[in-house]
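Chain IDs A, B, C and D follow the sequence of writing; residue 1 opens each chain.
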Amino acid sequence: MLEIKGVHAGYGNLKILRGIDMQVPSGGIVTLLGGNGTGKSTLLKAISGLIPLMEGEIIFDGVSVSKLKPHERMRLGLVQVTQAKEAYPAMTVEENLVLGAYTRKDREATKADLQKVYDFFPVLRERRKQLSGTLSGGEVQMLVIGRGLMASPKMLMLDEPSAALAPKVVLEIFANINRIAKSGVTVLVVEQNVRMALILAQYGYIIRDGVIMMKGEAKKLISDPAVKESFLGGSVSDTTKALRN
Amino acid sequence: MVFLSRIADLIDALASRHRLLPWLIAYVMLLPLPFIMSTFFNSYLIDLANRACLFILLAVGLNIVKGFCGQVTVGHIGLYAIGAVTSAVLSLEPGGFGGALGFGLPVWVSIPIAILVTAFAGLIVGLPSVRLEGAYLALATLGLGESVRIFIAVTPALGSSTGLMMIPAPSIGSFVFDSFTSYYYLVMTAALVGIYFSFSILRSATGRAFQAIREDTIAASVNGINVIKYKLLAFVLSAIYAGLAGALFAHMPPGYLHHNNFTVIEMVTLLLMVVLGGIGNVWGGVIGAIVVTIAYDQTKDLVVYFMDRPIVVQPLVFGLSMVLLVLFMPRGIGGWFEGVLRNRRFIKRSEEKLGGTARNSQS
Amino acid sequence: MKLMNKVFAGLVATGVGLATTAAFAGDIRVGITMRMVSENGQAYGQMVMDEIKAINDAGGINGNMIKATLMNDECKSDKGVANANKLIFQENIHLLIGSTCSSVSLPIVDVTAKAGVPQMIPHSTNAKITQKGSEWVFRIPVSGRYYGGVNAKYVGENIGSKIAYICAADAASVGDCANMEKQMRARFGVDPAYRADVQEKEVDFRSHMQKIKSMNVDGILVAALAETMARALIQSYEAGIGEDVRRIGSSSASNAPVPKIAGDAAKGVFFTAAYAAADNRPIAKLFNEMTRKRYGIHAPDHDFSQAYDLVRIMEIALNNADLQLEQWSLKQDRTAIRDAIASVEGYEGLASGPISFCAAPTPQCRDGNRTAVLIGYTKGGENFETEVLARVTMEPDFGLE
Amino acid sequence: MGFDFNSLLAFIIFGVTIGVVYGIVALGISLIYSGLDIVHFAHGEMYMFGAFFGLVLAHNVGVPYPVALIGAMILTAILGMLVERVFYRRLTRAGGGYTVAGMGMIICGFGMSVALVNAAYFFFGAEAEPFRANLDYIPRLTFPGDINVPESYVLTAIISVLLMAGLHYFLRHTKTGLAVRAVAHNKDIAYLMGINVPLMISLIFGLACGLAAAAGVLIGPMQSVQVEMGYLMLMKAFAAAVVGGFGSLPGAILGGIMVGIFENLGAAYISASHKDIYAFLLLILVLMFRPSGLFGVEAKVKA
């Protein structure tokens, strides 16, 4: 479904990604793991087209998308769900969802999809007319996932869906991601919550300093001593990030 | 480039003997300029140099608040106006010819008072910077600067539309600074001292505080820099430059002031000088002021006929060059020179370190 | 970083190189500084240049060509002074013409007085220009001090004494307002019924008109630059002030934009000027036709006529002056031209009255034209029409303290 | 003279009628600010070009006034989009519009303003032109106290309300409007929604310039059209935008009316010759003490 070949990218003169190779097969869930500043978000931005590639190629669904603008990639079904804090707080829940379907021309199907999303996340239906700025963290996370679904994606990329959420809410979110994958949408989850992500996914990549350090089946990775060493037991803390926000 | 490097080396060598040595030499070198100009060319060029010196003072002053401290101000021309009008009104004879207010003070008294008044005005113009940044600050200072001009324009005591006229020229004993040449020594000295102090400020702890605020205001305050104090200080310092320039302009023969010398167009010209020279670069301001003054003088009779109408193209060229400068040469001429010099010094230092093999650096 | 000192010197040298121009012997060098970016400046400047060219084409002055340099001062005093300095010290001119704006002419008077260069003023009316006592200055237009008297006399005798004043903040209008107010007080002992000092480019006069409407005044003086005056006139009708209240214009009422913009509101406005396009003399008719043909002007205002008269007076003076036109004789030639202009007497051109100068550096001698003509608009719009109401000649020292 | 209720009413009415024009221009400035994070210092020139386009359409081409209004809006929108695409885009892409020690956009805007004014001299000449429009079909209002409000002011008020309502509907109830708001809030996420962000930025700029043009064509018959008319309007519009809360759309119109009333009252009761200073005064006071604007409506303040 998605193939990344030798991608170099960064900001200005600063190169962050230095030759990334990655495959996301059709169907199922793949997770990309890594600490802060390892290049996870940069890779996501490169895939969705927010930053240009310096080298390499990205192929989605058999088509090279390297030269396409973000909105053009999205029209092909490559949809990125942003971090939860990036909902539009000054818009209502429903406006946010409608915005998710911005590129779609099929009105009836869109309406039906809206109901589907409401069925998926009933709490969103309740808060339909509220400004999304008034929602709780978990609700906003559901909203941005729902917004991604509104685009009727072939592949959904999730940027740290568990960030800054209570463990119980995280479980609920991850269960929903699983349901989405079951419905036939390919999912790429970028996470710091390594344990949860590896339980959820079938395949995992671990990124560090702009290169893929390790890859393999999720079951194997979770028991790999090196992974345990660097992540599970390690102290990758979110404190710096929380401070910055 | 080799030539430039030689001179830079020479100046460095001089400066290592005494800090003031290169400045003194520069001063001595600038002394015979009027004679060279009037002998080989014509005396109008001295007048041009005088005006360039005033603009150097203004541009260097503006650079302190804009370039060093990173505060956006569009009200500098208002401070210039305050300095000029204050000094003029103080030195005019009471009940004199123009019908404006007058106190009859000697010029050497009125100029320092004008500078003080302008410094205080600078404090007021700087006050919005305590709370505002970027575009908001630009708007507030623009409003203040324009208010000053309009206030002068409608107040008969300050000249209003007829202007302040017959403002006395400075004098020592019976010697009056009323010729191009004598005034040149006044403004040239002021400009050189102004440039020197601008460097002193940049190198001092105050200058480092300014730069810290420019780079990151929050980080500066965390590091114990009193941000409000230093922001206001930057405004006051730049106001002192503007006040001095204004006062010198007011007393420059023929000693006439009119509010239309202080409009937004003049402010834009000033901005152009600073941008062309390179924001934050002292020599940049100086170069910008000189280049723009000369360019302005050389293009002022440039007229293009369009549909049988004579059109003065100069303002159009000025406006467009500002836009293009910001887009394509945001660091100006001074930034470019600084880059050359930094490279040279870097290579020299790495040569010393590595014993002759310079390594390429990544900028 | 101190190598910039060198750069400094290099740049100045480049500027110097660009700026040098050789002074030619045998030419009469005339410098003109005017406001080129305005409705006035462009056409006037062009006409002065065209007229000088015509003199050259006809053989010049006693065989010498006039070399004219035109510079734009944007109506800004600092730029005007810089122009004057450049013309005097770099171009070595014999004669300076300028400027259009009083606020620029005022400082230039001091420059020419010190440098010893004759200066002819094309349309600055501010009375102080000649009161400075310069030996070198000559004013072609009617001085502002006469305007107030002519206006006041006519208004007081024919219209009434209850007058509302709207005074914009530009130099000419402030002077016109103050002069008229002074004369109304001196002649008829009345103060303004209402006085509003507004900004130079005010656009909204409605609140003033609203107040004036409730006062039943005899007339309204609108002293402002052309467009501003036109707006005030329109808004006076919009506010519902009837035609029976006469509108009095300041000296800029003669400029074409007033009737053009004000349209019907210009009808009935009267003002003092130095030239009437409705003049019946053949010279005026020829002049009207010439400007229409050459510059597409419907009817020239007095600024046009003054620029034309200026060139003619200059021609007369230059013809009479004994000029050497050598490198060494610059100072002598300038003095000769000054004395030749000072001896022009009883020049009858387009102007409303004869123009005479004399040698003394006083306003009496140097305000050449003392006859103002009262003009009324009979029709507004692009093709406006005017009529001459009266012609008044004042005493030479009228309006001087 | 004492207190006179009728004249107070007159000053307020005059203030409101001129204030709505400030408001329309401020609306554009606010729109650009919230959409692109830049304060557009050349917006007064868009207003001036709009007025001239309208004038040329109405006088030289001879179309009816309403058509000239719409035509001028479209032409100016195109001009604005061109200017944005060719010049500003480079800066906004480089870093949110604040390069060159934080003032790139300000200097660029100033330069553009000077360049546009002088370009206008080429095409339209320096002379002020009267804008004659046949507005007989608009009623002339007379308020108690013999206060006349001529047709052109009535029309201006009507059109302003229509424009405001239209803009509100567009932003709140259409999909494109939703996209514009999305771009205004965060361009990166808007990209991820599949929105063609560069196109939306052009649209925002075009809309804002179209609004300025509408103000220019509306004010034409009241005053006259002149190349240098933009600067003063820009200052008033800035004041209006700041008073209403920079970036807030309803605030812009309210702010315009506030500025109009404030300066009329100042001119009437303090001094008419200082009239322009009152707008600046209001601008500075609001900036100093309440930078988010007087009305506290959804405003976006840059720290």
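By our rule, a contact is a pair of C-beta atoms (placed from the backbone, for glycine too) under 8 Å apart; a residue touches a chain by one contact, two chains touch by 3 or more.
These numbers come from a predicted model, not from an experiment.
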Hey, what chains does subunit B share as contacts with subunit D? C
Setting subunit D aside and leaving every other chain in place, the chains that still touch fall into A | B, C
Would you mind telling me which chain pair, C-D or B-C, is linked by more contacting C-beta pairs? B-C
Most distant chain from subunit D by Cα centroid: A
When you take the mean of every protein CA atom shown, which chain's own CA mean is nearest to it? D
With centres defined as the mean C-alpha position, give me the subunit A-subunit C separation in Å. 75
With chain centres taken as the means of their Cα atoms, state the distance from subunit B to subunit C in Å. 35
Centre distance in Å when subunit A and subunit B are each reduced to the mean of their C-alpha atoms: 53
Expected list for subunit D, residues touching two or more other chains, is 121, 125, 271, 273, 276
Give the residues of subunit C touching no fewer than two other chains, as numbers and ranges. 37, 42, 169, 197, 199
Send over the residues of subunit A in touch with two or more other chains. none
So the touching chain pairs work out to A-D, B-C, B-D, C-D
Contact footprint of subunit C on subunit B as seen in their complex: 4, 7-8, 11-12, 15, 22, 26, 29, 33, 37, 40-45, 47-49, 51, 97-98, 150, 153-154, 160-163, 165-166, 178, 180, 249, 253-258, 260-261, 283, 286-287, 290-291, 294, 297-298, 300-301, 303, 309-310, 312, 314-315, 337-338, 341
For the subunit B and subunit D complex, residues of the former touching the latter: 66-67, 70, 72, 74, 127-128, 131-136, 138-140, 142-144, 146-147, 150-151, 154, 214, 264-265, 267-268, 271-272, 275, 279-280, 306, 309, 311-313, 315-316, 318-323, 325-327, 330-331
Within the complex, which stretch of subunit A touches subunit D? 48-50, 69-71, 74-75, 79-80, 82, 86, 88, 90-91, 95, 98-100, 102-103, 147, 151
So in the complex, the part of subunit C that touches subunit B is made up of which residues? 1-9, 11-12, 14-16, 18-20, 36-37, 42, 45-46, 69-72, 75-79, 81-83, 85-86, 88-90, 92, 102-103, 106-111, 114, 126, 128, 131-132, 169-171, 173-175, 197, 199-200
Spell out the part of subunit C that touches subunit D in their complex, as residue ranges. 37-39, 42, 169, 196-199, 201-204, 206-208, 210-211, 213-214, 226-227, 230-231, 238-240, 257, 260-263
